[in-house]
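There's a structure below that I have some questions on.
Labels run A, B and C following the written order; every chain starts at residue 1.
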Amino acid sequence: MSGALDVQSLSVTIGSARIVRDVSWSVAQGQTLGIVGESGSGKSVSVLSAAGLGPGNAEITGAVVLTGSDGVQHDLLSMGGNALRRVRGRRIGFVFQDPATSLNPMLTVERQLTEGPEVHLSMTPKQARGRALELLELVGIPDPERRLKAYPHELSGGMRQRVMIAVALACEPEVLIADEATTALDVTIQAQIIEAIRDLQERLGTATVWITHDLAVVGGIADEVVVMYGGEVVERAETVRLFQETKHPYTRALFESRPHLGSRAERLLSIPGSPPDPRAIPAGCVFWDRCSVRADERCRTEHPELVEPTDGHWVRSFYLPEDA
Amino acid sequence: MTTTVEAHLPAAEPQSAPLLTVEDLHVRFPVRGGGRRQWLHAVQDVSFTIGRGQTVGLVGESGSGKSTIGNALLRLVPVHRGSIRLGETDVLAADRRTITDVRRRMAMVFQDPLAALDPRSTVADSVAEPLRIHRIKPSGGRRARVTELMDLAGLPKRFLDRYPHELSGGQRQRVCIARALAAEPELLILDEATASLDVSVQSQIMNLLRQLQDEMGLSYLFISHDLASVEHMSDRVLVLYLGRIMERSPRESLYESPGHPYTQALISAIPLEDPVAERERRRIILEGDIPSPVDPPSGCVFRTRCPLAIPECSEDLPPGQDLGPGHVSYCIRAGEQVVPD
Amino acid sequence: MSTHPNPDVTAEPERTAYEHVVPAEGPRGWRRVATELLRRPVGVASILVLLGVIVLALFGDWLAPYEINDINIADRLQSPNAQYWFGTDELGRDILSRVIASSAVSVRVSVIAVSIALVVGVTMGLLAGFFGGWLDSVIMRSQDVLFAFPEILLAMAIVAILGPGVTTATIAIGVVYIPVFARVTRASTLSVRTETYVRASKSLGAGPWRQMTSHVLPNISAPIIVQTSLSLSFAILSEASLSFLGLGVQPPEPSWGRMLFDSRAFFQDAWWMSVFPGLAVFLTVLACNLLGDILRDVLDVRSAATAGGGTR
């Protein structure tokens, strides 16, 4: 099934740093894909590069295909400046981590919301304003008439993030990319925002890519999860499967190394060492030096490919546990 | 007006003289606002103690005042009212020499290890700084002591002459921990010490901290917004909101029987481990935003977002209600469970 | 997942065959600065010019072909030729020798003046920026007063009080440059003062003195160094201006500015009397400025940090 956004064998390299290597995933209309990874995993770089927002001096290979609601396909990596900007502005919405720096502090909320529709949807200012009000209501901002005139610094963190979401959705994009969208928010606000996005997604059917380091967050909102480590996809599966039948030792370790409320553990499982330097990617399994399993001799010398031991569940590992 | 410490130091607190006693702490900052001088009330009526070898956790979101409390202990911010005693020493009244000694006996580990280390100092220089400040000359020499501290913090010797930007996040935080331990403090203030680290590294650091506490009998004040981490690390937990204590509880009862609606909301905001259950359950969602600490709500400061709020909540500060040994909830309706909608 | 490696506490796993290969760090600290400088042709050229000036300043006496004050009326106003490479002035003195000798004066005056400005200005800026409050107001208002005077006017006022001469000119230039150092230092201090590592140092028990000297000063050295190199070039110009006005170096001692002063009457007929000293000023000032610009780029802390490829 071709999804709204299809990424095939994406690799991103800057000089000798191989930041992203052979990453493939896709997300369909109405679905949410969670991409989980820590720093150095390449999760943000891969998604942003796919959308043409990657680092300027990077070499990007692979294929990224965006399928619009009109069925037209766009090969993002081969598109040049203006064409890419048009497609991206119209069809992909972005929500970033820090609304303080992502929203223009000099523009009112209204201005930020109407800009997109005026440019990409050819709306008149009056129409665009109407749309802006709609959007504010959509994201659950109370008293939208008054908020239109506000500047970002006059709003609270949670409110700003909602405005960001509204801006992202202004042109009715096919794809929504949320990069650590709730990381900087307080826990109770985070819960609000996650609920809001979940709700929106059901209503609008946008394909959503949710990038985060927090595995637990994707548990509640993603249909499929991709786990990245050291620039590669190490596991990919439908969410419940990933949680209940975890196959990759890294994913396992991620689950088990977090403190759980109510548990009595004295010691946390921890993963020794740190992620690899992208300039020095080892020859064998990229997780080998921190892995506590190391079941197979090949782990150290041979690079494991992605295999599919059970339907729809992909793992990059020589060690394949029989069962959860 | 406020609850006094004597009435509400729960029975479960240490019987021997506590290492640190904080009473009725009030911290406020001036705010330039239009014409009138206004105050931002960062911390109000906070009292607690920490015993030797114990960990007390402070949990709260932004504006809760948790970091300000940590800063106040070291007198890094001016304190409006209240008292802080480290053993016999009155921290707030201390003169130059005494406060320097207080800063030897208590040390802080900051949230961002990269920012907390002088970019132009090597690891060895940073770790040795407390030795220089307090003129400590170990018998084996300072370099040897630094190496010992690096070892305690799990850092290889070859990092001694490296600069902070050459290390990873977790390694940098270990350097900060080594530095904090250099002058043999009695209490460490961990101000969101794991928040900016990768998940896989956070557990390393938490394990390290536990190990050091066991080996050295250190006390900790563990400040974090992450309830799970706080609960894991602490013997007792204080839940803060807008500068005030909402609930104080021994670790065990916090999760099992949270007695304050805010605590329940915090717990509810944490995603469940089981994705199926997570999707099916209803969360407690707090409406609205955290009010401004410049003009906190009257009576109970949480009432504007509280699902259990009743008109009486706006009248007086809620008294503490005992819910068990060492477990106090500052709520008129303490102990009632919020039903998610 | 039955076996866990033992050091779940240490930063390095025990059983690793991977060397944690991080490409060897390039040279650090001053070596890196030097390497960067030498990599740029402009940097190399500037350094060579300045080295040349310093050599001339130190060894001018031996290098100059003629005595600088050898009056030789018979050879007066000769255009550049095989005997007098730069020609002679109205008293028959060799221009080349005088240009060489002048370098000593210029170097001495600018270095001493900038040193005065540096020591006083940085101290004031550091105190003002670090402590703030009334100290800041007092210090910076005094700097504002100094700064408000046009440079030449202020120098002239000081010279008028102390009498003309090289020493006076040096002091005057030094005083005039204090505000710029104070401002640069104060601005940098203000931004560094709030950095976490300074707060951390205070939390560990460090007093203001240690915070300022161990943490603030080293981290604001870059803009100060850049300002120093720029000020050196301006000081040379200032000295030339003062001498041109007759307020600095007094005859018969030569200085580039003095030589320009003396060449006024002969501007049209003996171009060599003004062009060569002028060129000397121009080249030296240019070299200082270019070096200052390059140093600013090279000493940028951010590029120093990313050179090592810092991770999260």
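Definition applied: a contact is a pair of C-beta atoms (placed from the backbone, for glycine too) under 8 Å apart; a residue touches a chain by one contact, two chains touch by 3 or more.
Being a predicted model, the structure only gives us computed values, none of them experimental.
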Discussion item. Counting C-beta pairs in contact, which two chains come out on top?
Written reply: A-B
Worksheet item: If you average the Cα atoms per chain, which one ends up farthest from chain B?
Response: C
Worksheet entry | chain A and chain B: spacing of chain centres that average the CA atoms, whole Å | 32
Response to the item:
Per the C-alpha means, the centres of chain B and chain C lie apart by a whole-Å value of 48
Worksheet item: Counting in whole Å, what is the centre-to-centre distance of chain A and chain C, each centre being its mean C-alpha position?
Response: 50
Discussion item. If I count partner chains per residue in chain B, which residues reach a count of at least 2?
Written reply: 168-171, 198, 204, 207
Practice prompt. Provide the list of chain C residues touching at least two other chains, using ranges where the numbers run on.
Written response: 7-12, 311-312
Item to complete: Would you please write down the residue numbers of chain A that are in contact with two or more other chains?
Response: 39, 267, 269-270, 272, 274-275, 290
Practice prompt. Name, in rising order, each residue of chain A that touches chain B in their complex.
Written response: 38-39, 156-159, 186-192, 195, 213-217, 219-220, 239-240, 243, 253-255, 257-263, 265-272, 274-275, 290
Discussion item. Help me check something: in the complex, which residues belonging to chain B touch chain A?
Written reply: 61-62, 168-171, 198-204, 206-207, 210, 225-229, 231-233, 255-256, 265-276, 278-279, 283, 285-286, 289-290
Discussion item. List the residues on chain C that touch chain B in their complex, please.
Written reply: 7-12, 25, 28, 195-197, 199-207, 210, 214-215, 218-219, 301, 304-305, 308, 310-312
Discussion item. Under the definition above, what is the set of chain B residues touching chain C in their complex?
Written reply: 74, 76, 96, 100-101, 103-104, 107-108, 110, 112, 114-121, 129-130, 133-134, 154-156, 163, 165-171, 174, 176, 179-180, 183, 198, 204, 207-208, 211
